[in-house]
Each structure stands twice: as C-alpha cells, then as structure tokens.
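Chain IDs A, B, C, D and E follow the sequence of writing; residue 1 opens each chain.
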C-alpha cells in the first residue's frame, strides 16, 4: 500500500510538473489516519498531502461533474479505483463529464477498510494500521491489536465487482483478479425476499425510521447528480426537505432508488456514508437483482454508451404480475 | 502444437490407414497428437432423442480428458466427430443433460462443454492453414482428379456442426488443391451413401453408393477421398463403380512424403 | 403417446407446413412405407401405433438431410428417431439380434457399422 | 388565481337521473378558484354553449370545467366554445360524469359523490392549466422520393401533377428499377417495357420532376415539413448535359469481362455502359472499378470515340443539399441469396437460374435476344422445372419467414409464356401452395393448368444433380400421390424469396423510420395508416414496406403521393401544444429522454443558461414540438423532472391525485 | 342476499385511483359506461396520454394521500398508440411493484392491466375484481406509515 502510495505521488507530481494536469483529485488524511476524505490539489506543494491508504473507500468520480465544469485549462487528474471507474463510465454515458478533460490514473486496490467494522470489534484509539494483505496490525494508544483483513472490509469490497479498470489513461500497481469466491452480493436481498411480507415490513420499518433526512446518501451518490433534485423542487409535487411526514422518507428512498435504477453501479457509497447505518444499498441491489433476473444481466458503467434497462425493452418482457407469481407472502 | 486425439474404434481395426497416415502426417506437420487415455467407443450414432444420457457418457469422458489437458480434441472419423461435437454442444447448452451427465460421471471438476472439438480437416484449415500445408507438400499429386466425398456427418446439421456450408462445402476441395491435385465437384458429395444399411439392406446400400460414385465419375473423377470408414467401405465394397476410394489422410501422407 | 414422441424428439410437429421437402430429399424414401413428411402430421393426429409398426423407422439412415433442409425446423429425422427409440424401449427388444450378425459380416466391414447397428437397432 | 366556471350537464336524463346535478353545483361552488357554477340540460347544444360563452364573458373566466360526457366525445366542442368566447381552448377541462359515473352507478348518492370528486379533480387540474398555443412550422413545398423504380416514379408523377416539385434519387444510372428488367406482367401479359418506359419518359420530361440518377441519400436531418437532405451524386465520368446516349462508346469499350447487372450477369457489359436502351436518363456511365483508364491511365477509347466530348475522367462526386417537406421511401427489393440452397446446384450449374434471370432470358433485349435457351450450351430446352418458395416461408437461418407474395403469379406467367411460345417444352411446377388472391389472378393460374397443360406438382424438390447426359435430374415428391418424383429436365428455375434492398437499413436509420425484423419499413398503423411511417413526414411506397405486385405497388405509390400532397398543400403545420418541454435550469443533459423517445424528437444543444445569476454553458435537451406526439415517455425517464408534458404536467396530475384522495 | 361474513369490512369503502391511457383504456372505460357495465364508484379514473406518462411518484403520492389501491391501465403490448410507450411502462411498473413488495407492502394494492378500447367488459371486470381485492385487504395502513417512531427508543 505504501509502495503504491509512493508511486502515485511520484506520478502525480510528474504530471503536475509537466503541465499534463492542472488539478488533482485524490484523498487526504484528516484528524485520524482512518479519517480520509476526498480532496483536490492544485500544486506540488499541496499534493504533498495526497494519501492512498486502506481507508480510501470514497468514490471520487462524482466530483468530476463540477470539476469538469469549473476547469478552464489543462486536465484534471482523477485517481480511480477499479470500482470507481464504473461510476466514471456511467457519468460519461450520461454526458455529465467530459472525457477529454480528465486524466484517469487507475490505482490498484486490495479492498478498502470499514472503520466502523474495526471500531465495532472494540478497537479504539487507532494510531496506525499496518496492512499486510491478510491481517491488519493495528497500533492503538492502548497497544497493538490484530484482526483479519476480510473482517474489516467495506461491504462493497466483500463482493468486489472487478480488479480491472473500465476506464483509465494509465494504471498504477494493478491487482490481479481475485481467485477466491466472492461473496454473493444479493445474499441479503434474497434473504429478505424469502421472508414473509410482515417480516420484510418490520425490517424496513425499523431501518427507515432511523432516517434523519440528512441527504448524505443523495449527496455522495454518483448517479444522484441532478442539477436540481425533485425533492428540492417545489413544483415537482413531491418536494420535502425535512422529515415532516411519516411517508416522506419512504417515498424519498423508493424514488431515489427508482431514479438510479439501471444507472446505479452498486458502488455502495450510500450505505457507507449513512450516519444512521441504514443499509440503503439493499434497495439498489433489489433493483439490480430484478433487472438481472427479468431483463438480463446488466452492469451499469461496464461500457460507455450502454442502454440502461429502464430506457429499453423487449417485446416479451415479463408482465408486472410476475411480482405476484414469484413472490411469497 | 499438441492436441488430444480421439481415434475411435474403427481406426484401431479396419481403418488403420486412416489412423496411421493421420498420425504420420501430423508429425510431418509438426503436430503432436496425444491419444486420449482409455478412450471408449463414441457409439457411432448420435442419440437424437432429447432424453438420452447413457449413450453420451463415453464422449463426455473423452472431452473431460482433453479439458484436463487444456487441449483441443482432434477427431478424424466422421462418425466420432459428429457424435462428440454434438454431445459437446449438449453439454454447453442443455442444462438438464449437463446436470444429469455430471451427476452420473462424478468427475473431479464438472464438465460444461469447455473443450474445443475439431476434425482433422478443420485442424488443417484453421490451425495450420492450407497455405502452410501447401508449403510442406513434397510430392504434389499433380494431375490427379480427386472427388471429395463429404457424406452426411461432417456437415449436418450445420447449426451444430458448423463445419462448412452444408450444401456447398469447400474444405475438402481446398485440401485437395493444397496437396497439388485437382478437385472434382459433383452433386452427390454431400448425399448419404447408405452405409448404415450395409448390414440390413445391402441392395439399398449398394444402390446409394452407386449414385455417389457415378455422380463423381460423370464429372471426371479418378478417385474419391473420404474421412469416414463406413463410407469408404460402402463406396468401395458395395458400389459397382470402379473408382478407387481412399482416406484423405492417405493422400495427405503421400503428398507429405511420409506414406 | 403423441406427447411422448414430442417430448423425446424435442420437436413441435405443428410447425410443419407440409411442403414435402423432407420426403423430396430423403435417400431412403423408396424403402419406406410411411414417408418422412407423414410423420409430422401423424404425430399431430396421434396415429402413433401406425408409426410404431412402420418399416420406415428401420430404414431411416440418420443422414440428417431432412434435418438440414427442412424449412420449418420440424426435422423429421428427430421424430423418426423418437418413434424408433419408443419401440426399442417398449419392446426392450431389438430389431437386430446378435445371432444375426455373423452372417452379415464380411472381412472388410468396419466395426463402426456394427456399433452403429447396435446403437440404432437394439436397446 | 384562476377564475373558474363549472358547467354541469344533465345530458337529458343520462346524467341527471343518477347524479344530483344541483348538489354537484352546490358542492363545487366553494372549491378554490371557482367563481361560477351552474347546470343545464344539454351543455353541448347551441343554447348550452351560448351559456358557457356568456358566463366566460360575464365572469371574466380564465378557465372552465365542463362536467359532462367523455372528453373523447366533446372536449373538442367545448374547446371551440371557449375559443369563440376569447378563452384559450386549453383552459378547458372535462369531468367525465357520464361514461365514468352516471351510466355505471345506480345509487344516486354514490354517483353524486363521485361526480363531485371528478369535478374537483378537474378543477384542481384547470387551476394549474396555462394557455397553450399550437405550434406552427413552415412547410418546404418540395418532396424527395428515394428510389426510382415503378413505386418511386408513380409517387413522383402524382406529386408533380399536383403541382409540387419532386426530386427522385436513384442509386443506379437509370430509373426503372426491377420492373424494367421484367419481360411481361401478370395477369394481362402486357410487356413491362411498354407500360413502364412511357412513365419513365414522362418523369424525365415533367417540369416538376428532377431526377438524380447514380445518386444516393447521404444524410437526413430535420423533421416533417423541414427535412435537410444531403444527396451524393456519384461521379459517372460522363457529362450528363453533353452525352446524347448514342452508345458508340459503350460498343467500343474494350473492358468487357464484367457482368451486366441489368441482365442478371448472364452476359457482360463494357466499363462504360448504358444499362438498357430505354434508360432514363439516356446517359452513359463509367464503372471506374472496371475501366482500363482508371487502372492503367491508358485506353481512353470512349473519350476519343465520343463526338460530343462528354467523357470526363476528372469528374468528382458531388454533394447536393436540398430542403424537403416530405420524403417518400421507395427503395424496393432485391432477390435473396439462393447460393445458400445449393441442393439445387445454383452455384454449380448454369441451367439452374432464378426467375428474374428467366425474365431476362425471355426478354427480347436480354442475353439470348428473347429465345429460350439453356445457358450451359445455348440449346433449346425440352423440359423446365420451376421450384417455388425458395427461401420463403421458413423459420431457419437461410429462410425468410414471410411469403414473398409475387412468385406464384410470375411462375404461372412464365409457365404460360413458355408453353405459348414453345409448345414442345414440358413445364413442371413444384409448389407448396398456389396463392392467387387478386383480381383475375386465380383465373390466370387456372389457365396455365387447364389451357396450357402446365404440370403442377404439390411438393418440394430435395435435390438437383447433373446426370450422365449432361441434363439435370430433379428429385422431388408428389405429396398428393405420396410418391417420389424423378424428372430429367434441362432447366431449373428457382422462385427465390424477395427481400428489402440492401441499403434500406441505412436509409431507415437516417430517417429514424422503423423497420421490422425482416428489414421491411414499418407503417404507422398496419390498417389505418399503411403508407405512412411512424416518423412524421416520411411515407412508404412499394415493396420497401412489404412484398407487393405491380398493381398494388402503383396504388400504394399513389396513396403515398396523396399523403405527401396533403402535407405540402399546407402552408404551415399546426402541431398539438401538448408536447414535452425541458426546463433548461433543471436538465442534466443525460440523454435518457432521447433514448426513450419513439419519434426522435429530442436532441441536445450546448446552451448558456442563467441559473439564478450563475451563467454557464450546459448540455440541454431540446424537444422539437413538430415531432413530439406527447406520449410522455421522456417525462418519466427524466430523473430530475426537468422534462414535463404540457397539458399533462407533473403538477397537474399530482393535483388530480390530491383532489381524488382528499 | 346473504349477509357478508366480513362484518368488519362491511363499511369499508376503499379509495382506488386508476390511471388510464387516453387511447385504449380510457376509451375502454368509456365503452364500459356506454354498455352500462357497472363497477364500484370507489374507482376514480385519471386520464393520461399514455401508460408511459405514469410516474411512480404519482402512484406513491396517491398512496401517501390515502389511496388504498392504484391500478394502471394501458394499451395491450404491441398496440400502443405511440408504439412503444407501454413497453417502458411495463418495465417501470414491474420494478416499482417488486420494490413495494420487497418493502413488505401488500402487492395486491397495485396492479397493471392492459385494456383495449374494445374491452369495456374487461375494464368493468378488472375494476370489480380489483375493488374486491382491495376491499378485502382493508385500509391501507402500511403504506401510510412505514416509519414508526415508537420502535426507535
């Protein structure tokens, strides 16, 4: 990881120096080593703060929408992990970013860590994490602790889409495709589907009642990038900014999932950033699972220009009654 | 290049020529044919009934062997090629057959039609190339007028065999040109010779074989080549026509100077 | 019975438009009592007993000419095979018994012919 | 705030017997915006309409709701009423309290309650209505016909006769199409050239018709009434104005190895050629792929032999840009590939031919000067076998699924002509069904059987081969007698399936006209709009839409012409204002709406917008209201809600939902 | 007439919103009226140009405002006046209904039916059946309150 970070930094400085790029989109460390946030760097001096660690889960592609607009000269360098390149392609498909303005460095990724999971193991006061690929050696102010790497991975990394880059100008330190069986990303969705309607209702009632309408899910989602969201728009007929009515969160989350259905790359950012830990990705994955089952496998962002399933049809698509036929109550 | 090789029962008995010349020629072309260990007879007839399983097992064993070696499986007898290629297609595309066969065989790793099945002629055309073959010919069969007899099983059904245009094939004619001879086109080169009838209805088999041989003769053929032992037998033994009939490998060996 | 034949063959005989291409192309036509094109309509009509008793099922050469040339994907050889298989399964017997073989052999006969005959004519 | 009037119709007793109309008036009086409400016996009557007009003026109404029968019945009526009173017609909403209420409910209380709710929903909607004005677009009074066969010629002539200029774009050097290659036509047996060539000449001489021969449509943009078309005029290396069509060059050209397409490649033509004697324009054309001059820089015999000095080796392709109001597609058909059916030995034996090849052999201007000869040895045949349905009516990869429609009749024609001219020739026809729907068609076929003794055999042919005598043996089956047929014959004629011309996919894409799985162009409605494409302003003529014979083609060509004339006769096109519209401040420019639009009505522009003081250039969807039909598919596909439908806006429908669910 | 066994629901009259496309289903409803084929007055029809105009938000909005059932009717697949609208609508509604089901909401409260302009009889039968189904389900509580504060203590 440190080696990769070093290579990245070296290359970033080169590209800044030779004028290929005028701005760099990457990550920087916050108050704690695990507190890594997206950041932009305009100069070699600033780029000193650029980090690439096991906590760089954040997907930077969405920032390119505004960065592309603001860019006046040169190119913007974006560091994208393999899974981020799907979002990048999806944004290209939707003409939200300008490929010519972006210089993509694909950065190899072994899977990113979820600090919440580590904390949940009772590990506190973390000062350093040494990642040897299988195990984490965690230095804390209370001493050293270890844990298995896979126990601390982000949900999205447990069922990593691919180690291959779907878009890039150059690649640094790529990882080979993992041989091991990946987790079934639809396992939880299937589990819910197998429940009775009452159980499902109870599950979602509990989850969605936690929502505080902070809009973090919306703001981080690379597919949720409307100039103006319908929920902020008084003439849309559904505008609602706060949780005034019991139904509104539900409407918000259903509509949000529906609006990104067929466009969601399953990057998992919504659930990662949710301060209330609502498993929002389960809504998106339900749509993805249905789309795959009913209309054929589709991965948003796999290729630029592909036709989203909801903007497509076949003459013999399933009838809506299929929901009744295959469900259980 | 090394390929797995399925000779088939007849090549070990009555059609030794087909086998011997095939192997010698391959050697001369720089190809190693590794005989599938403990191969079993393919059954000679592809079971058309959609629900047949047992009759497909021996083919799958050979296919799984080639898969293990990560080699394409080369066949040479038309009947074996037909059966093994179609069983392989079934293993790729028919889920119920795949499941039942795998359950029955209990291989270490399930076989799902991964092996590429090619006929010796396809190997010449697609892996070596007829232009390359031409370069290696030392005894071009100049002046010989050869009629290619395709028969049924290499070509049909085309949607499964994908061997050549089923009504207007060219692979054997191209082969004949490559070994320096002149191909003779005739209408019956892709019509059945009646070989299967040889045991039950010799008269019919003989009548049909005559048609094929005469058709070639009218067009000026001096000899016939084939890839199928049964066709060879039938055209040779049951026809009143007097054209010599050879395995294509024999002429190949001759042209390559290894006969 | 029709259902069995349809299931074994995997063919929908109702696709047949009765053009006769199969019979026109069949090399064993003259030897058959019931001709290939009749198989489709007889299966539809349920006249399976007649088909089971037919000589034709032992005359089909499995040359696939009708399979290749049928414009409607009815592929009569598959229907014929299905009937033949039904007879073999039903009778548990065979059209060809091993005792008959020696008389039919000649020194040049390839073993392929024997294997094929066994596969096609007996269980 | 709107000032709304509500008018409740009794419809005699149709409504009033089940709905308490007074109660409805009472109930809606205090709805927001309502400042007038009344009921009347027949709102749609003169008196009823007068009442509405008066109320509009008297109360200065800005919107009205009529509670009456279905809007499908009288919406247009009440819109006109409103317009006459000076109110925008789109400020009218109908509450359907008859078909959806009084006629299906018996309980008066229940029906009245429902009528009130339906009225409230309409009031809620009209509160949000805005005056809409139908769009207008200009019409370029010129038509383009793509394809110069009989379909294209007929459409062009009819449009031109109506007084509008027409351009025909034909890809080959002459117009005339497939019909020019035919010898005789069924069921009257008159000679094709005799009836076609006068039409070709008429088209050439018509003051309103301009023919771009040896030209292809390169690009089409725009929309109904306003198409911008780029036409590529391919270099023919002969000056059209100077060439007199004397054909001296074509006879002298030494490059004679290539086939003559007009004669189905049964003979050869020079590299400089005029397709046939009656070609229009009668101008030579150099095939640069075969010309010795273009290969070696030498030769130039044509140039030397041309007394008019028309040969010009330096000619270049030329792009012509032209505006059109309407486009007729008449791209016709071609013979499908029969080489896939080599059981008939088409690729192997010269005496196995297609029916179109037989047309050329039978034609006096053809390769045999009209004498029926075997192409193998130029001998007179004794027997001829026709095989029907080659490549038609099948479901395998080498077949077309459809019936080619014309083959039964032209084969009967061929059989009859041969028997007429050469009574010694035996003619056999292998058929699956003989299909003769058409005026005098079955009679024609029966004549072939009864008077001309043509041997019709019900069954197919399985194999054809050359026998010892060098003749052809045909192996077939007679299904009626259930026996094998073996015929020795001299010629075999294949009735090959017809298929849309090769370039049609490309043209359909340029026009955004849809095509079916067989590449035939799709009509806007299979029964009611058979000559229109779903794309407004694009019309279909001839076989490009589906297999047809000549009479049908000519009628369809005329019908397409009438539709074109009807369009061009308008000075302006009035378009429904209920179209989609993108809010440019909310549009993401994501192209999702474009993908679902069935009419190609949406495109994107880069536009500078002022978003609350922030100026920037954005990619924004633009709806062409002349093309938009108002289905609303885009409005739902749009995640931001930027795309909305006028007359059925998100807010209006939400307001209706609100009112109903209150 | 027999006394209804379900006394609890006897008084319950559901509120049903029906979105009908202008060209087929609205005309089918008109035909039901012309043919005097009755269906419950609880069904209220909203006219839209095409089934593809129906935004999932409209349906959720209806439920939010207290509808007990929402049905969408359009032209039969293949017969859309705009040629392809109902194909898009079909996908949208399939996914939306599947999602509602996934959230544990009674899927029987939502329905899609294809009704042509000639199918007045079908329109009436469908509405009768749908109204019966929704009546049996009773008041729509779940859709009104997925959020439950009391669980959050």
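Note that in this section contacts are C-beta pairs under 8 Å (C-beta built on N, C-alpha and C of every residue); 3 or more make two chains touch, one makes a residue touch a chain.
Given the structure is predicted, the values throughout are model-derived calculations rather than measurements.
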| item | value |
| --- | --- |
| Joint neighbours of chain C and chain A, given as chain labels | D |
| Farthest-lying chain, centroid of Cα atoms versus that of chain B | E |
| C-D or B-D, whichever has more C-beta pairs in contact | C-D |
| Geometric centre distance via CA averages, chain C-chain B, whole Å | 23 |
| Euclidean distance of C-alpha centroids - chain D vs chain E, Å | 38 |
| Chain B and chain E, separation of their C-alpha mean positions in angstrom | 63 |
| Shared interface positions of chain D, touching two or more other chains | 343, 463, 596, 637, 650, 654 |
| Contacts with two or more other chains, residues of chain E listed in rising order | 56-57, 61, 84, 88, 92 |
| In chain C, residues with contacts to at least two other chains | 65 |
| Chains touching one another, given as label pairs in label order | A-D, A-E, B-C, B-D, C-D, D-E |
| Residues of chain A touching chain E in the complex | 189, 192-193, 197-206, 208-211, 230, 236-238, 243, 245-251, 254-255, 257-258, 261, 283, 286-287, 290-291, 294-295, 309-315, 317-324, 327, 329 |
| Chain B-facing residues of chain D, complex | 339-343, 345, 347-348, 397, 463-468 |
| In the complex, chain B residues that touch chain D | 159, 165, 167-168, 185-188, 191, 214-215, 218-219 |
| Complex interface listing, chain C residues touching chain B | 7-10, 27-28, 31, 58-59, 61-65, 67-68, 75, 77-78, 81-82, 85, 96, 101, 104, 106, 108-117, 119-121 |
| Touching residues (chain side chain E, partner chain A) in the complex | 56-57, 60-61, 63-64, 77-78, 84, 87-88, 90-108, 111-112, 142-149, 151-152 |
